[in-house]
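Common to both upcoming complexes is chain A, partnered first by chain B, then by chain C.
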Partner chain A sequence: MKKLHETIEKAADLAFDMHFTAAKEWKSAQPDRVLIGHLPIYFPKEIIHAVNGLAVSIFGTGDRMQIIKGDAYYQSYICHLPRGVIELALNDNLDGFDGFIFPSICDVIRNLSGMFKMLEKGKFVKYMDFPQNFRSEVGGNFYRSEMEHVLSEIKKINGVSLNIERLNEAIVLFNKNRRLINEIYDIRQETPWKLTISDFYQIIRGGMVVPVQQHNEMLEIVCEELQHNIGEPMDKIKVVVSGAFCEQPPVGLLKTIEAAGCYVIDDDFTLGARWLEADVEENTSDPIGALVDAYLKHSTFSSAVYDVGNPKGERLVALARKRKADGIVFAAPSFCDPAMLDRPLMQMVCEREGLRYIDFQYHENIGQFKVIKEQVGAFSDSIKLWDDTLVA
Partner chain B sequence: MSNTKDMDVKKEESMVLQKNMLANLFSELSNAKESGKKVVYTFVPGNLSELIHAFDMLPVYPEINALQSGMRKKSRDFIREAEKVGHSEDVCTYVKCDVGMMMKGNIGPTGEKLPEPDLLLLSYTGCFTFMKWFENLERLYPGVPVAMLHTPYQEAGKITPEMTEYMVKQFKTEIIPKMEKVSGKKLDDDKLKQILNNSLQAEDLIQKIFESTRNVPTPIDAYFAGVYYIGPINAGFRGTSEAINYYQTLYDEVMDRVDKGLGPVTPIGEMEEERFRLVVEGPPNWTSFREFWSLFYEKGAVTVASTYTKVGGVYDYGFRHDPEHPFETLSEYCMNCYTNLNLPQRVDLIRKCITEYQADGFLTNSIKSCNSFSAGQLLMMRNLEDELGVPVGFIESDLVDPRYFSYSNIKNRLDSFFQMLDQRKMILA
Partner chain C sequence: MREAPQVEEAPAARVGRPLFGRPERLQVDEKCLIRTNKSGKIMANITYTMGVDVGGSYVKTVLMQFIDSKPKVIGKHTEKIRKRNPEEVSEEAVQYLLEKHSIRYDDIVYLASTGEGEMVKKKRGHFYSMTTHARGATFFYPDAKTCVDIGAFYVKAIMLGDRSRVMNYKMTGQCASGSGQFIENISRYLGLAIGEVGPASLESTTPELPSGICAVLAETDVINMVSRGISTPDIIKGIHLSVAGRIVRLLTSLKAESPIVLTGGLALNVGMVQAIQELLEKSKHKMEVKTHEDANYAGAIGAAIWGEYRHEKLLKEEAAAYA
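This part shows the complex of A and B:
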């Protein structure tokens, strides 16, 4: 238990260190190390690891920083995340980062990449256009060229070229990382009382700003600790949270959902860490090709990807069924177009499949949870009253 | 409200031509089932008009239907309809207007029912919402094939060979095979070449028309009237001889005005004194389009360039369709549309317009539900103000949601902006 608490505490410190101290310390230990910041959702961190770099996930400021400058850059009807990111950039919190990557997810992130260019942040700024075409000779080749572009930018900074062996090593480490995370999800599916969602969230998020080996060590401790019979089962329903893949819900909100009678047993909070649903092929002569292949064939469903042929509504319901969830909580950041535009279609499938849901909106620095608590509480009660299959 | 007395404006020949062209298109659409012509639903930015013509198909543009619904005061109900089935208040109102229109029977702007699509051609550029929009359409028309063309963003401010190669491959493996299958025709290379040749002629003409704003007074308003001028080139006529004819006629009319030293024609009347020359960023509001325009007209403010008229193609830097390289040129066209340019490129283009067309001020109309345009606009404004010392103005509205058009707020803001421009003129004089 002690080890688990220590790990959670350490992860929480890392997750919400708005100065990215650990990452900067890692960089300063060797002159040819580079620090690359990337926005949600997914980015193949393996390639950065392989060229002496650390890819740090930037999730915005949440409720940990007061936004003063950032608000002057955005109209009131744009989500909160980019304000925090601009605040970090203007306050010099991101000094020491060599480059920034903005994965293609929405127009706000896309335009934020242009703002970083205009504000001359980092030695390079790249909006990374993930292919919407999933044929290997079409979208696959393009994706490869996008990764090669990133690598060429890094080479300009530290002179390090991609080496097959190192990329294969990175692939092994990140495969292990995903497996460990998934193992904890599996444990929580059956015994969610052992680790709260807020603690679990911080364990993942904290690990996304340090080298993967360090994160793997943390996750191994957690897995080990979860083998023990800890915690007390409570009368709660099991839910999957959907829509929170970019701007993150504050920890207080996660606690509220749980306190209102729900075990969150799956979610899309730090989706990038679990984007690939299968291992990337290890020890190949073309590890970039292996990453391309994994993206094309094993990506999870997401609002950032065109879904014809494999609709997300159905995939969400399948996930809920696999996790034996009682319902879905659609929680999306206010003004998040991708999440909002997906919601009616996904809810339609839930209705068709008889899966109950609720929805609400939040923003990353929301401080009042009363209304949400009541809403979630009523949802949980309604399921508890009418369904027999309960967790405990 | 405006107290301007409406005047009868003589319809120019080009206006009549445009009206007839659109009426014919809608009549063809309503007869599509009888004529056997296949119907393609597609978008304006990154539209593949040339291919649609090469396969003898007919286009339907959901965005144009949405803006027409806005102008005809129907969008409020359509949007409400979409919100009833769970669409959020905050998302792009074009999507909701379109979804609502379909739920209400898909009656098009001319009052006739629009035919159902035979193909959903998702060639979109510069905005993620298009992708979401088509996911919605795909559910509304199950079984209709979708051909998707992903246009890479000009993130580095240029088009790389890899980007073009990616697009060309998509044409060859995805777009053409699906269009051939749906139309039952093989692509005729010579026909496509001829169509592309028509496109470049229309593009030359439209660019010359927009460049006529170099004149003082400017003979046209490049925002309010500009949205009409881009109608044919964006709404399915690019590549046709009718489009060339239309733009030649319009060009002649514009040149005639230049010769006579006349200002723009507006629905309210002829602009007599040109007091302020503006460059405008962002789409217009459609639900109160005329009142919106009159706020400018009344103050003698005229637009010499607008970014909105470049959403369906940026021709300012010399891009024209190249008949010799059909897929490459179609790719380049898509990648060059305004919202597919990165922010520094957008600023460069606006800067060029402000200086070349001798604008007195720069105005942003920030659209509440359009992140593609709006995110980053405040920094763009700040940058242009610092660099060029040009006064900047800022107003907010929405495309087709009348709930977000506040006449008095916009009027107040515009009045202060025009006052600022006046003062600057006095200082400079």
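This part shows the complex of A and C:
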């Protein structure tokens, strides 16, 4: 238990260090190391690792920093995440980063990449389009060229070229990382009381700002500790949380959901950490091709992905069924267009499949959880006590 | 040292932890007692649950006994929180009841919390306060159609469906003038013990209503009334009518149905109950208003009853899963 608590504390410190101290210390240890910041949702960190770099996930400031300058850059009807990111940039918290990558999620992130360019943050800023065409000869070739463009930018900074052997090593490390994370999800599915969702969330998020080897060590400790008979089971329902793939919910919100009678057994927080649902092929002569193939064939579902033929609603319900969840909590950030657009479609599938759900909105620095607590508490009770009725 | 007479200890029927027992030994839960006849045949199952309702001012705790799932309150305890840690107050209250009734914690099949009781130690589950008050109301009066929980900080009017289901609700906002704490403050200004407030209100002949709905302004009003020589019963009655007015408006907007059961601490205040009845009569709503001597325990009772329900359900689900 002591090791578990120490790991959680360490991860929490890393996750909410708005100065990215650990990453900057890592960089300062060798002159040719580079720090690359990337926004949610997914970015193939393996390629950065292979060229002596560290890809650091930037999730904004959450409820850990007062936004003063950031609000001047965005209208009131824009989500909260970019305000925190621009605040970090303007406060020099991101100094020391060599480049920034903005994966294509929505227009807000696209505009944010433009602001970074105008502010001349880092040595390069790239808005990275991810393919929406999943045919290898179309989307695959495009995705490969996008990754090669990132690598060429890094080579300009540290002079390191991509080495097949090193990329294969990176792929092995990140495969292990995803497997460990998924192992903890599997453990929590059966015994969620062993590790709260807020602690688990911090363990994952904390690992996304340090080298993958360090994160793997943390995850191995957690997996080992969870083999013990710890915690006391409570009478709660099991839920899957959906909609929080970009702007992250505050830890207080996660605690509120669990305190109100729910075990969160699956979610889309820090979704990039387990975007790929299967291993990337290891030890191949074309590791970039292996990453491309994994993205095209094994990506999870998300509101940032075009999904004809593989609809998100059905995949969400399948996930809930696989996890034996009692219901779905749709929790999306205010003004998150992708999540809001998908929500009614996903809810229609839930209704059709008889899966109960509730929905609410949050923003990353929300501090009052009373209303959400009431809503989630009522949802939990309605399932526990009157489970023959669909709550919607 | 069990409470119930003619009860024998269950034969060694350990089933492990309640949620994860072994199916082949699930005939009797380890925390149940069974009543047997002389030939050893099982006549009745007896279980115990506890409900802990952590409110804004008080922690209410009940100990319930179920003989073949029929509930009976066998112990109750109220503890004012004052400036103490509610978690510790709850723990003390639970221990007090267990010791008083010579029951071990292990004999409790389900300790359920409600209200702000998420922090209660050793609990097996937590229920939402509206759910528990609804169940408490139907425990008092099975024909209840509406429940009004008048707590320290909020008033909630709840429409009840079958199986004590919460069908709809309306609640006051965050203004303190619709709450029990407000009346407690006023009684303190007037030098009345909280138990004297209700009877004093019944003595009123010409109630004096406060001019505003704001608690702060109403408290200023009360000071003015005292200086103007208004009698204490008339001031108190005026305050009761003011709060009752809010409750009646909630009931009207909810389209409440009769009978209405009042729960929460203020439901024990006879002056408050009378004020609600008077206003309902004036508004020509033919509503029957009921209260109960244990109305302040409604949340805790509801939690304890739901706890027993969940315990039984989990046992059945567990057995089915292994079958």
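The working rule: the second predicted complex is superposed on the first by the 386 of 392 C-alpha atoms of A that agree within 3 Å, B and C clash if a C-alpha of one lies under 4 Å from a C-alpha of the other, contacts with A are read in each partner's own complex, and residues count from 1 in each chain.
Heads up, the rule we're going with is that a contact is a pair of C-beta atoms (placed from the backbone, for glycine too) under 8 Å apart; a residue touches a chain by one contact, two chains touch by 3 or more.
In this text the structure is predicted, and so the values were computed from the model without any measurement.
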| item | value |
| --- | --- |
| Which of chain B and chain C A:259 touches, first, second, both or neither | second |
| Chain B versus chain C as contact partner of A:65, first or second or both or neither | neither |
| Which superposed partner A:307 touches (first chain B, second chain C, both, neither) | first |
| First, second, both or neither for A:113, with chain B first and chain C second | first |
| Which superposed partner A:381 touches (first chain B, second chain C, both, neither) | second |
| Which of chain B and chain C A:235 touches, first, second, both or neither | second |
| Per-residue touch tally on chain A - higher for chain B or for chain C | B |
| Touching partner for A:104 - first (chain B), second (chain C), both, neither | first |
| Partner chain(s) touched by A:290 [first = chain B, second = chain C, both, neither] | neither |
| Chain B and chain C contact sites that coincide on chain A, given as residue numbers | none |
| Partner chain B, residues of chain A touching it in the complex | 72-75, 77-78, 82, 104-108, 110-115, 117-119, 126-129, 131-133, 135, 137-139, 141-142, 145, 303-304, 306-308, 311, 334-335, 337-338, 340-345, 347-348 |
| Residue numbers on chain A that touch chain C, as the complex places them | 233-236, 259-261, 374, 377-378, 380-382, 384-386, 389 |
| Touching residues on chain C, where the partner in the complex is chain A | 17, 19-20, 110, 118, 123-128, 130-131, 163, 165-166, 306, 309-310, 314 |
| Complex contact set, residues of chain B against chain A | 85-88, 90-92, 95, 122, 127-129, 131-136, 138-139, 146, 148, 150, 152-153, 155-156, 160, 162-163, 165-166, 169-170, 173-174, 342-344, 346-347, 366, 368-369, 371-372, 374-379, 383, 396 |
